[in-house]
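Below are structures written as structure tokens.
Next come two complexes, and both contain chain A; in the first it sits with chain B, in the second with chain C.
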Partner chain A sequence: MSIRLDQVTKRYQGAPVVNDVSLEVAEGEFFVLLGPSGSGKSTLLRAIAGLTGVDHGRIHLHGQDVTHVSARHRGVGLVFQNYALFKHMTVGENIEFALRVRRVKAAERLKRRRELLRLVALEGMDDRLPTQLSGGQQQRVAVARALAHKPQVLLLDEPFGALDAKIREELRRTIRQVQRELKITTVLVTHDQEEAFALADRIGVMNLGRLLETGRPDELYARPATRFVATFLGAANLLLAQQTPHGIRFGTTPVRAQPVDKVDSTREHEVVAVLRPEEVELAPSRDALQTNFIGNGIVEEIVFTGALERLRVRLAGSSEAQLVSTSADNQATNAVLEVTRTQHEQRAFPLSVQQGVAIGVRRIHVLPTPLSSYTACAATSEAAQRIVQHPFLTELAARMKTRITTRVEEGLAQSDPNKTAAERISGVAVIPAQGQTAQQAAWLFANGAGEVLILPAHTGLPQRVLIHWADDHARRSTLAVAASLLRNVPAEAIYLGIHPGAGDERRIAVRSLLDARTEAQAIHGLEMRTELHFGEAAEELRKQLSEGPEQMLILGISSIEQLQRDYASLFATPGNYSIMLVYRPSKESESTERTDTTRDAAQVSERAAAQL
Partner chain B sequence: MAGGPSRELLAELATRPGRDTLTSTLVKGAFITVSLLFLAAMLFAPLITVFAAAFEKGYEAYFEAFKDSDTLAAIRLTLTVAAIVVPLNTIFGIAAAWALGKFEFRGKSMLITLIDLPIAVSPVISGLIYVLLFGTQGWFGLWLQEHDISIIYAVPGIVLATLFVTFPYVARELLPLMQQLGNDEEEAAITMGAGGLMTFFHVTLPKIRWGLVYGVILCNARAMGEFGAVSVVSGHIRGLTTTMPLHVEILYNEYNFVAAFAVASLLTLLAVVTLVVKTLVEWRTGYRKR
Partner chain C sequence: MSFRSPSILPGFGLTLGFATFFLSAIVLIPLAALVAKAGTMGWREFLEVLIDPRAVASYRLSFGASLLAATINAVFGFIIAWTLVRYDFPGRKLIDALIDMPFALPTAVSGIALTAVFAENGWLGQYLAPLGIKVAYTWVGIVVALTLIGLPFVVRSVQPALIEVQRDLEDAAETLGAGRFYVFRKIILPTVMPALLTGFAMALARAIGEYGSVIFIAGNLPMKTEITPLLIVIKLEQFDYTGAAALGFIMLVISFIMLLSINLLQTWGRRRLVAAGR
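Up next is the complex of A and B:
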């Protein structure tokens, strides 16, 4: 491994700007760090270069731990967005600077300078001053200068930021060529996905200080794991679909989806589907569609962009698909689908604005995120509205680009086990924290909810998220929920392992702690810290939650009894912290659940029909 | 790195339409006239008066004035003080500007304000501070007397007072420059393996040299010309603790006008020369760059 980062964290004034990033870049690989501004990608690059220290974690270059080695001795080449050329030196002097530092002989310096200028196609420019060069040429000089001392790693911080489109493309090609020729490990930071696609062997997408996903460009585009990556890499429509044992459906319509192993397909639940604009088929009528029909729509806007035509199609209210958002806007209520069509498609079916069309879906990709949408649940509609307006919930939903619906259930008032919900609860059920919280949560779980979010009256986004599960059956799903949530909230994740006694158990406890961390990292891409505590679980959690401001607990359980038996004291008096409960029945109790699913599936389709 | 638009740009601007209407020409003319008149009244007239008074009784009387040993001592003292103060304040100024421009710390804005203190405070007060500290009645007065060290009414006092008064010039000139230029080039140098000194002399210093030259010139001009603060601490001992400005006053009070204005003309000349040197240096480097 050429570069290895291990749980690197950097804080500015307490807030993490780089949050637990672990990454490996192979020898000779071109790695692109992609993210919006403020995502921490530049800070991470500077940390690799040694210009910024890290608060936690380790940095290895070529197998050597350089965490505490100064930038001067790390032997990396760095290229800045604003070139940072020495303006009082000529091009030749600039390039030779690193060699002069190393007291290389003049003849050898000259040879190396020639070599580098040839590499970046600037032969004969030796005696120019940087101010006499164009922006593109200056950046070439900067690249040559960064390579002069034969660094083992080349780092580029938004190198094309200050250049116009045409020169950008030219320079991009030059950098790719240089990288191929020298086979030098390269990390480039950019916010431009097109640039990332064009250059990268592998892309890492960052947001809010976290490295969300890494992968080959085509893989990331076709099979993103998170909403952010789905919408940041190219355009995407996010839709709510139903996962059933028989496949993915929009209402009653089955659609073709790529198989994703992380999605739990045995359980009937709501999922988030990514529909790329080019996977949408438009036709004059339902019968003319070659793919599965998901609804009717009206063309709102057509933009000609050359090879492709971009359309915005408003979904009719009767559509089977529920659109939550597109990458263009975060308005959850806005049911406008982004569509692109090729010239060929345009000729086959010419369209004009205000025309009605039938919409079909060629292929979708289901995100393996367990948090699809939020449902505010209450006994009265006023109470439900209050939850919807909770600032924590609105902020979270906006960040996750999803929607909040309301659900009025009378059964919730007394948590009457005999009174069942009118229909299955889908998405994350949200209830306020009050006296009966535990009973209400139990009731919601019994009625199909998989996750319940309990919000106290006044709470903001957490700075610390504590993770705990009652037993190993709940581990995987709890970690999945935690990972999904923490991608959208810049908080620190801490897993609390709590064991009743000391003695021999300690060793087992430590091992399970390490297992949890490894699993979080390997399967869910979640970096979390671990803490081991001894005592009674609910008491210990209460103690941890009461110290410090703005905390959140993610608690996984595998049977409803656990909630009332072991954790009741957590809910007895509402604190100032929010709790996300994750409930997945363990395998033993699942057999009874199975029979329910068919009934539920029927119910879901009925509901969909009712919405038509 | 001389400021202002380039010659090409100015030429291009002049060709743009809508430049020369009648009113714009009139307004332009009026502004230039007013500025020139103001300059003539406030700047050129006193300058000419100085030289006119100095040469009132002919060249011989003028040069006779410089043969006086007290005058020569005053010139020597002024140059000595400047030779000590300017390098010290250059180093302090760079250090202060560096610290304030490149790092973030608590009380930074407070410190920036404090740097301006010597300009804000009346020079007489600046002098009095030192009298209060080192004078016979001052805090350290007794101790200094016991050890037979004289600061007030001696050269060290003059140097200290001048140091205090001229401190802000270099720092003030460099601070905005350092903030504006940023750290990228230094960081680039460091990643290429350059050490602190190498980075400073090969990267930072060339970057800030024009600001530095300007700051040093201002600092030097003030160091040579300072009257108020020096007057308080010097004690006006003829031939020992009188600098040129003080000597001018003494001569003037003795109705020795020719000698007084002769020394004054020398001071003025020093100022004019430094400004010419600065312009020359700027012009030459500008020429080389083009």
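Up next is the complex of A and C:
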């Protein structure tokens, strides 16, 4: 490994700008760090260069721990967005700077300078001053200068930011060529996904200080794991669908979809599906569609962009599909689908504005996130409305680009076990924290909810998220929920392992802690710290939660009795912290429902996890 | 004489006229009068005034002390400007405002204040005296006074230039392997040099012409602590107008040569920085 980052964290005034990032970049690889501004990507690059210290974690370059080595001794080359050329020196002097520092002989310097100028196609420019060059040429000089001392790692911080489109493309090609020729490990930071696709062997997408996903460009585009990556890499429509043991359904229409091993297919629940604009088929009627019908719509806008035609199609109210959001628009209520069509498709079925169309999907991808949408649940509609307006919930839903619906259930008032919900609860059920919380949560779980979010009256998004599960059955789903949530909230994640006694159990406890961390990292891409405590679980959790403001607990359980028996004291007096309860019945209790096919699927996914 | 390029503001002729008039009325005509007055002397007479040992001693003191003071200002003014630009600390704004104080203070006041502080029984003088350092009434005192009045020139001209030195440049140099001192010598100093030279030149010019603050702290012993401007005033008091004019003329010539060479140095430096003929 050329570059290895191990749980690197950098804070500014307490808030993490780079949050627990672990990353490996192979020898000779071109790695692109992609993210919106403020995602921490540049800070991470500066940390690799040694210009910024880290608060936590380690940085290895070529197997050597350089966490505390200064920038001048790290032997990396860094290229800045604004070139950062020394204006009082000629091009030649700029390039030779690193060699002069190292007291390299003049003849050798000259040789190296010639070599580098040829490499960046600036032969004969030696005696020019940087101010006499164009922006593109200046950046070429900067690249040559960064390579002079033969660094083993080349770092580029938005190198094309200040250039116009044509020069940008030209320089992009040069950099790719140089990188190939020298086989130098390269990390480039950018916010431009097109640039990332054009250059990268592998892309890492960052948001809110976290490294969300890494992968080959085509893989990330076709099979993103998170909403953010799905909408940041290219355009995407996010739709809510139902996962059933038999496949994906929009309402009553089954849809072909790539099976995702991280999605729990044994249980019927709501999932988020990614529909790329180019995977949408439009036809005059349902019968004319060659693919799965998901609803009717009306064309609202047509924009001609040359090779492609961009359309916005409003879904009719009766459609089977429920649209959550598109990458162009964060409004969860928006029911406009983004569609692109090729020239060929345009000729086959010409369209005009206000025309009605049948919509089909060629291919959808299901996100492995367990948090699809939020459902505010209460006994009265006023109470439900109050929950919808809770700032915590509106902020979270906006960040997750999902919607909040309300559900009025009289059964909630007394948590009457005999009164069942009118319809299965889908998405994350949200209830306020009050005296009845534990009973209400139990009622919701009995009526199909998989996750319940409990909000006290006054709380903001958490700065610290504690994770705990009652037993190993709940581990995996709790980690999945935690990973999904923490992608959208810049908080520290801490897993609390709590064991009843000390003594011999200690060794087992530490092992299970490490296992949990490894699993979180490998399967869910979640970096978390671990703490070991001894004592009674509910008591210990309460103690930790009351330590500071703005905390959140993610608690996994595998039976409803556990909730009432072991954790009742957490709900007895509402604290100032929010709780996300994750409930997945243990395999034994639902064994009657399980069929052989689902067991096979489970084994396949276990094996896939082991390979990761 | 022609327009360099069409300008948004009209009135090139008018403004050039004003510029010429004011320069003439305020600078050139008085200087010409000075030269004319000095010209009324014969060559021998003129030379006698110039190479009078007392006069020669005063030149040495005036220009030597001014050069020394300007040099001290260049070093410490740079450090002060650096501190003000690069760091944020409580009271930074206050110190920034204090820098300009020597501009506003009547020079006689600063001269008296310095004398009081550095006299053998003054606040600071009493501690320096046992060490054998006498400040007030020696050339050291003159340098101190000239440093005080010249300081703002350096700080104010270096400050904007330092803001221009982007952190990225230093970061780039560091990743290329340069140590702190190397970065300072090869990156920061060359970038700031023109501004530093300007500040140095202004501080020097101001120090050469300074009269008010120096005469209080100098003690004014002929041959020892007598500056040329004082000598001119003494000649005036003796109604030796032509002698005063001759001394004034020679100061003018030396100052002009010094300032011109600094300017040339600067132009040469700037030509390296910004490409010529661009």
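Just so it is clear, the second predicted complex is superposed on the first by the 591 of 612 C-alpha atoms of A that agree within 3 Å, B and C clash if a C-alpha of one lies under 4 Å from a C-alpha of the other, contacts with A are read in each partner's own complex, and residues count from 1 in each chain.
Rule of thumb we're sticking to: contacts are C-beta pairs under 8 Å (C-beta built on N, C-alpha and C of every residue); 3 or more make two chains touch, one makes a residue touch a chain.
Note that this is a predicted model, so its numbers are computed, not measured.
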item	value
Superposed partners chain B and chain C on chain A - clash or fit	clash
Touched partner set for A:K87, first chain B, second chain C, both or neither	both
Contacts of A:K543 with chain B and chain C, given as first, second, both or neither	neither
Touched partner set for A:R180, first chain B, second chain C, both or neither	neither
Which of chain B and chain C A:F97 touches, first, second, both or neither	both
Partner chain in contact with A:K150 - chain B first, chain C second, else both or neither	neither
Partner chain(s) touched by A:R565 [first = chain B, second = chain C, both, neither]	neither
Touching both chain C and chain B, counted on chain A across the two superposed complexes	49-51, 70-78, 80, 82, 84, 86-88, 97-98, 101-102, 129, 131, 142, 145-146, 148-149
Residues of chain C that touch chain A when the two form their complex	166, 168-169, 171-179, 182, 186-187, 190-191, 272-275, 278
For the chain B and chain A complex, residues of the former touching the latter	1, 184-185, 187-195, 198, 202-203, 206-207, 289
Touching residues on chain A, where the partner in the complex is chain B	49-51, 70-78, 80, 82, 84-88, 97-98, 101-102, 129, 131, 142, 145-146, 148-149
Chain C-facing residues of chain A, complex	46, 49-51, 70-78, 80, 82, 84, 86-88, 97-98, 101-102, 128-129, 131-132, 142, 145-146, 148-149
